[in-house]
Amino acid sequence: MRDIQSEHDPRNIPLRKVGVSDVVYPIRVMDRKNGFQNTVSKIKMFVDLPQEFRGTHMSRFVEVLNKHHSNMNIGNLESILEDMKKSLKAHTAHIEVRFTYFILKEAPVSRIESFLNYECAFIASKGKKFDFILEVNTPVHNLCPCSKEISDFGAHNQRGNVKVQVRMKRLVWIEDIVEISESSASAPLFTLLKREDEKFITEKAYSNPKFVEDVVRDVSKVLDKDERITFYTIEATNHESIHNHNAYACTEVNKI
Amino acid sequence: MRDIQSEHDPRNIPLRKVGVSDVVYPIRVMDRKNGFQNTVSKIKMFVDLPQEFRGTHMSRFVEVLNKHHSNMNIGNLESILEDMKKSLKAHTAHIEVRFTYFILKEAPVSRIESFLNYECAFIASKGKKFDFILEVNTPVHNLCPCSKEISDFGAHNQRGNVKVQVRMKRLVWIEDIVEISESSASAPLFTLLKREDEKFITEKAYSNPKFVEDVVRDVSKVLDKDERITFYTIEATNHESIHNHNAYACTEVNKI
Amino acid sequence: MRDIQSEHDPRNIPLRKVGVSDVVYPIRVMDRKNGFQNTVSKIKMFVDLPQEFRGTHMSRFVEVLNKHHSNMNIGNLESILEDMKKSLKAHTAHIEVRFTYFILKEAPVSRIESFLNYECAFIASKGKKFDFILEVNTPVHNLCPCSKEISDFGAHNQRGNVKVQVRMKRLVWIEDIVEISESSASAPLFTLLKREDEKFITEKAYSNPKFVEDVVRDVSKVLDKDERITFYTIEATNHESIHNHNAYACTEVNKI
Amino acid sequence: MRDIQSEHDPRNIPLRKVGVSDVVYPIRVMDRKNGFQNTVSKIKMFVDLPQEFRGTHMSRFVEVLNKHHSNMNIGNLESILEDMKKSLKAHTAHIEVRFTYFILKEAPVSRIESFLNYECAFIASKGKKFDFILEVNTPVHNLCPCSKEISDFGAHNQRGNVKVQVRMKRLVWIEDIVEISESSASAPLFTLLKREDEKFITEKAYSNPKFVEDVVRDVSKVLDKDERITFYTIEATNHESIHNHNAYACTEVNKI
């Protein structure tokens, strides 16, 4: 059978990235407490395409996935990228793996446990050097400082999201980023709260009002001091309870 | 050219609904204040398919849309359905039109104006009789009565949604449903609020705590008394600010 | 602390369903081949609320989930519902668990294996009697019979989805529904296909053209004969490659 | 009332962007044929926040929107950004306006007309200089060259999307980008096709097979020659009809 993809392309246009997206696949990721956890991921895998070839070989991306038995962690992403480069005869390879990560959390007073879901991503590439970005989305509770200050009683508050991306020189756990993000918001979220916990969280948030701007700056202060981290972006979004739109703040710092 | 769709089907299985879905189309809907407004809709159009025919003629649905110049209102939906039945030789016709509807609202203190978006739908069908359901989703602000009661200060609150579907015997405006839903929640939402408005809304919500259960019951009480309305469903959802999941309540009442 | 939820409600309005929605939770479901598989789910849990109570106790829903260690299968859903009724002092309980289910499939010629994802749901309720619906969404490949017939060469084809819901009196596996849906479409989908497989699938689909109407009827014929199944709905949707909208057909049959 | 946002912030951290996101607002955009069209948009508006201020004033963003009467086009975006800078005392301002744009198209043989929807965006910013990016997503029909070549009959094809972003020195219409994208795919899409049109489109696509790589390169060739355009990115995605995932290719060229 003819291999059209390998045929010469006359247009003389190299492509940055070619490959597959929205591959839904079962994966196993590292878990700080339990060694690993099984989850469901949505994956993008791309390589560059030199100008002389007409197309890439889409099936080889999934073959690389299978070869690694769906294990996804900072330790083997580089070899996945190497395999992509080799299998597809490419100079650069990119992978993005988005997944739901669960952490078993204790309620603040009752100590009752429940899982909370964090949407995370590994974004990695390899040309000559290996590059790895960890993304962690932490849902949080934020109470508006302005509303508290100007109102005789109450203060509007809402669910928000803190999205952090980091480059690192030593291992940073998903749990580490979650802890930093939760402690920079008015209060953390829990799936299961008894009445004494709800009282605690309500009062904690009211005592600890935060704009999205505050959340970004408070996460930023901690990441600045963390010597494992060489680069970060922080985006905070509040699903404003008084509006039908969101409040947003972000920053980006490259320490090198 | 052969008309395969019209050929005899030997399987002897009539189909409830066949047609098109996710047709994104510009439409013009009635507006209580301005006569009409232009908006963007996502449309489903279906007819029944008798057992003797192999397929329906998908292009005719869009021809019916065009014939009506994209006007969509309770007054002409019946003739759209009639045209679908005639054009497709069917016994029953169904249409569902989902669209964003804007209302220009005044902030409660500053009286400054801004648009707020309400996701609405017309769901209509005609067999022998014409049936019409109006759906209006009203985003609202709800403050938790339990959190207020048990906490020494503050109370968690959040954005929520009130989804109402009604059958009517006399015209009910989208604006009518929005007003009922907003007045049954802790406070309404606005796109533009100055500081004096934010103070007003914050205090109003704190003085007016509502569970999702309360919202459903309070909307229900008003719809029960409204003689234009013969059937309704109410669903209230709170995007809980202390959880990463939602609180939900619903009811359904057929007055006939 | 006051238990506001348990206080008497004067409005005299019972609610059909109150509870939690969009709870993202790790679960373990039965797998025909491997005993079970771990996956990620989105859960709704509701009970009825008698008119005399002001609100339900949202935390108890998650406590029931935890008590069952996140096991979800037809065998223990009834006891989950019983626990909900008991814990929340309700007459009826409802649960809906949506999850991604993976099946390891062999390519048709090369026999190379890969996982394909199927979005599934368990929808169960218990008042006096236990009711259980299994929903399976099977992505498929459909080629248009009309386009094939009227064109001198080629035929438009596209990805589609077959959504089947069944009530059963004896166990029906997710895999059973997938097999019926795939064999009723022009061709099944695979995550990994080598060139010989792609040739096979292309020719198979061209030899086996199917309207959405055909898919629904062909699934219907099989489900009619399946004595384990007492009720079914079938919805077929094609993401038309010549349009920016979908073609749709559905039916519903209650055998009892 | 205290203006907390304007108070001094001790953390010494400037923020890149602060503002509002997901503002759903009615807008009016320029239309090559009819002067303008009304549509629905989702808007982000951000400014930078110097280190000395604690927060931005979220309401002023919507005030700027209102001042411009919801008109959005390349001609007035710069003055919207200027107003944001002035109103919020910022050095840089950013706006992103995503909207559905409709073009009335004629079917290729029957000449029957229907609207097709194109998801577009204006992405603009102003620090010292004004920067404007037009994004146009064109849904298309692509037929696989490999499948056609290796199969004895038929070829798999599917709906795809071509996303183009351009910077320009003279006006480029949305319609211009749509025409380039459609002519680089196997065939364009239409909402309304009669049987003779379906035959035409089916045969055209079969005669004109395209990988996502081909689409990107063919759009690239045209944009390279277009002297109005100074920068572009092209992303082509195919919703593969033989897989449950997508094929993807992209490139980016800065001509300056």
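As written, the chains take the letters A, B, C and D, and residue 1 is the first residue of each chain.
In this text, contacts are C-beta pairs under 8 Å (C-beta built on N, C-alpha and C of every residue); 3 or more make two chains touch, one makes a residue touch a chain.
Treat the numbers as computed from the prediction; the structure is a model and nothing was measured.
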Set A-C beside C-D; more C-beta pairs touch across C-D
If you average the Cα atoms per chain, which one ends up farthest from chain C? D
For chain A paired with chain D, centre-to-centre distance based on mean C-alpha positions, whole Å: 25
For chain A and chain C, what's the span in angstrom between their mean Cα positions? 28
Intercentroid distance (Cα basis), chain D paired with chain C, Å: 34
On chain A, where are the residues touching two or more other chains? 1, 23-24, 117, 146, 150, 191, 193, 195, 199, 244-245
So in the complex, which bits of chain A are touching chain C? 1, 3, 23-26, 37-40, 59, 62-63, 66, 100, 102, 112-115, 117, 191-196, 199
Any idea which chain A residues touch chain B in the complex? 116-117, 139, 141, 143, 146-147, 150-159, 187, 189-191, 193, 195, 198-199, 201-203, 205-207, 239-245
Write out the stretch or stretches of chain D touching chain A in their complex. 1-2, 4-5, 9, 11, 13-24, 44, 46, 49, 54-56, 58, 145-146, 149-150, 211-214, 216-218, 220-221, 237, 244-252
